[in-house]
Amino acid sequence: MRVTGLWGSARFRGVLYQALVIGGVVALGSWLLRNTLTNLEIRGIATGFGFLGREAGFDISESLIAFTPADTYSRALVVGLLNTLLVSALGIVLATVLGTVVGVVRLSGNWLLGRLATLYVESIRNVPLLLQLFVWYGLVTALPGARQALNPLPGVFLSNRGLVIPALDWSHGWPLLDSPHLAGFNFTGGLTLSPEFAALLAGLTFYTAAFIAEIVRAGILSVPKGQVEAALSLGLSRGQILRLVVLPQALRVIVPPLTSQYLNICKNSPLAIAIGYPDLVAVSNTAINQTGQAVEGVALVMGVFLCISLGLSALMNWYNKRVALVTK
Amino acid sequence: MTTAAAWAKKNLFGSPANTVLTLLGLALLWQVVPPFVGWALIHASWGAGTPESCRQAGGACWTLLAERHRLMLFGLYPYEQHWRPFLAMLLFVALLAISSQRRCWRPWLGALWAAAVVLIGVLMWGGVLGLATVETAQWGGLPLTLVIAVLAIVIAFPMSIVLALGRRSQLPAIKAVSVGYIELVRGLPLVSVLFMASVMFPLFLPEGITIDKALRALVGMTLFTAAYLAEAVRGGLQAIPKGQFEAADALGLGYWQTMRLIILPQALRLVIPPIVNQFITCFKDTSLVTIVGLYDLLAATKASLNDPAWRPFFVEGYLAAALVYFCFCFFMSRYSQWLERELAKGSR
Amino acid sequence: MTAAAPIIELRDVNKWYGEFHVLKDVTLEVAKGEKVVVCGPSGSGKSTMIRCINRLEEHQSGRIVVDGIALGDDLKAIDAVRRRVGMVFQSFNLFPHLTVLENLTLAPVKVAGIAPKDAQATAMALLERVRIPEQASKFPGQLSGGQQQRVAIARALCLKPAVMLFDEPTSALDPEMVGEVLDVMSSLAAEGMTMICVTHEMAFARAVADTMVFMDEGRVVEIAPPSQFFDSPANERTRRFLGKIIGK
């Protein structure tokens, strides 16, 4: 009898708390909504996503798809999204490679390189990314002009016009190497990365690689010593042990935090706005300034980033299920 | 074989691959160190001077710092009042130093914090005790960075406990609200949150009420930090064995008593190192308020380079700002590592 | 023992961990086909000694020769020794991400360059020998401790080693699983395998060992045939240790 009574009252309390919380959230939400609607009306700002179909009227400095100021806001936002995805994807690949190398070097047992790697990791991690972006951007724009471009590798040119690298030309149906060369005051051929893009990519890569290096190191250290000893006693070489025994096990530990670093690259890419690379946030800001429709603009950006993070987490869950150790 | 030679053989030239790595490292050092020393020390210009004198010297222009350090450190704060943010900054550092001592983790520390925050507020704002009023729009430099970072963490902390408890709650609606908030915020870039704070807050508030830019940025940082901090606290809650909950139930303690007397004291001790790490992140992230137009340390450094004559020496300016960030973050991260070991020792 | 050259020879081996002197002038000879059981209190250096034999640990002075190959800095020599010596660990150290069969074929395929088909056939034969062929496609985490240790023994046998080292192979097992592992070891001994076992299973030692070695504080205190070792140990410390462990 008593037990039923207690259970009943605990349930009642639970319902009460929940009702209070939901009531509070709804009240706050409707208050904010009412204020916003009033404010928008006073300022004469339209609501709704109708502006997406209108002419944008501004140009975007770099784009993967054709874009002119006569195109719509929605196309402008797609251009921004593609730019965000491009710099994030390249950053993820480069930061993974650099981070893995640095992480392995820190474990290599070579004292000198180990120290250098530690110096890199500590100095990069403890300085804000935005500051590093300013430095990278300053360095890229302080480079000599195209005619005095630095030429560190054959076919690669560094100048204040950005980074020019050889590209593959598929227009003949098979790949031909298209090397850039100087024509007048600029380069023709090859692939040109703008100074803004190059600085952002460099900043994201070097910053994130320092974190990835630590993740890789911790992952490798998480494999029990006995595993290496067993492999040694079977006569496997150092390289084989790393490839066949250590890495497959370390990856289980590495992948979850690595995914969140990948997400960080995407979430840090909007810092582009500080150096003028037209990513999604930069484009939507221009749109907000022109239309005044801040709520819609911010909501769109949030929606896109939530989709990216949900997508990456789904991918990670799938991977984790696939590699989970089979036990009883 | 002497010990030094033996050490070098083992750590630098142990195998052919190791030798190659060592040589690579030496080549890198040879490429980087001599030019850097030449630039930063030998050809550098020190002390007072002009951009012109720097250009003639050809090396690093530390003159920039001598001429411009006030602007970099204090932003647009009225020049003759700089002693006030300077004092505020010292107070912050002293406060952090005291808080890092375990024997000071007593109830009076909270009171000390409250008093110090009030004192810092008075110093920065003025308007009383004969101090001239300085609007937040004029605040800048390192003191602004410290104010935003420290207040964001301090205000976010109680929020994060509520969120973490909510996420672990058995009640579906409370759990859903907490999870929704945490995951929503963690999925967003800080830049977007700050933009939302600076563009949308004025729309959210009733007509006629405006809040200033620094406060908007602080609210944005706090809302953002609370979500991440909540995950750190949740980590601590999860580390408490189920037996502790069962023992508290068996003693007849209610939910709030269990949390307040049994679970939180243990969990919070565990999460101090992650909280310090979150503070480091928050401190670095404060630089993003530059983007919404505040003059924190980074923006003030950038502003000090606005003069075209000084602009070629941006590396020196940013290097100095980087050093300030590095000192704070590096020592805090070392502290958090040390603390982790200390706390682990204590619990055994 | 046989007059032929010993297959394992340790002479005046010393090892330090920093300041701590773990092995003090250890000298031991093992002939082909000989079964040696090493016992002693924990921390006496017995595990360290057998880990030096396949150079999982480095010794700092003295000589270790395995099947005519002296162990030193030469990486080729170390590889050669490791292929002649199989090792079984206290904590099994099976690779958790590989199936039982893959655990067994890894070294033959990757180190010895044997065709995967042949390696699998050999592996299945070895699993028959340790009496768990039906577990071949399972993962180590799905097996009991005793089964895991039998797989570990089979894995060590895959490269057809001349010597088997056992480092407390039954210490991490539940009591009811000790027997199945000792059975496999006994049958291995009966087939003439040269073995060095660090173990506290005295009944097994008495039945199987040709030679007993007692270590204490990094030194070899006594070397004797089991009959003499158990019934009339020469050294006072051996007597005390046996008294504690057997309770006589």
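Labels A, B and C are assigned to the chains in the order they are written; within every chain, residues are numbered from 1.
FYI, a contact is a pair of C-beta atoms (placed from the backbone, for glycine too) under 8 Å apart; a residue touches a chain by one contact, two chains touch by 3 or more.
In this text the structure is predicted, and so the values were computed from the model without any measurement.
Visitor: Could you pull out the chain whose C-alpha mean position is farthest off from that of chain B?
Guide: The most remote chain is C.
Visitor: Please state which pair of chains has more C-beta contact pairs than any other pair.
Guide: Chains joined by the most C-beta contact pairs: A-B.
Visitor: Chain B to chain C: how many Å between their CA centres?
Guide: Roughly 54 Å separates the two chain centres.
Visitor: Approximately how many whole Å separate the CA-defined centres of chain A and chain C?
Guide: Whole-Å distance between the two chain centres: 51.
Visitor: Starting from the mean Cα coordinates of chain A and chain B, work out the distance between those two points in Å.
Guide: Each chain reduced to its C-alpha mean, chain A and chain B end up 22 Å apart.
Visitor: Can you list the residues of chain C that touch 2 or more other chains?
Guide: Chain C, residues with two or more chain partners: not present.
Visitor: Taking the complex as given, what residues does chain A use to touch chain C?
Guide: Residue positions touching the partner: 224, 226-227, 229-237, 240, 244-245, 248-249, 323, 325-328.
Visitor: Mind listing the chain A positions that touch chain B in their complex?
Guide: 14, 17-19, 21-22, 25, 32, 35-36, 38-40, 42, 105, 108-113, 116, 122-123, 125-132, 134-135, 138-139, 142, 266-271, 273-274, 281, 285, 288, 294-295, 298, 301-302, 305-306, 308-310
Visitor: Over in the complex, which chain B residues touch chain A? Could you list them?
Guide: 11-12, 14, 18, 21-22, 24-26, 28-29, 170-174, 177, 184, 186-192, 195-196, 199-200, 202-207, 280, 284-285, 287-288, 290-291, 298, 302, 312, 314-315, 318, 321-322, 325-326, 329-330, 333
Visitor: Using the touch definition up top, name the residues of chain C that touch chain A in the complex.
Guide: Answer in residue numbers: 54, 56, 79, 82-83, 85-87, 89, 91, 93-97, 106-107, 110-111, 138-139, 141-142, 152, 155-156, 158-159.
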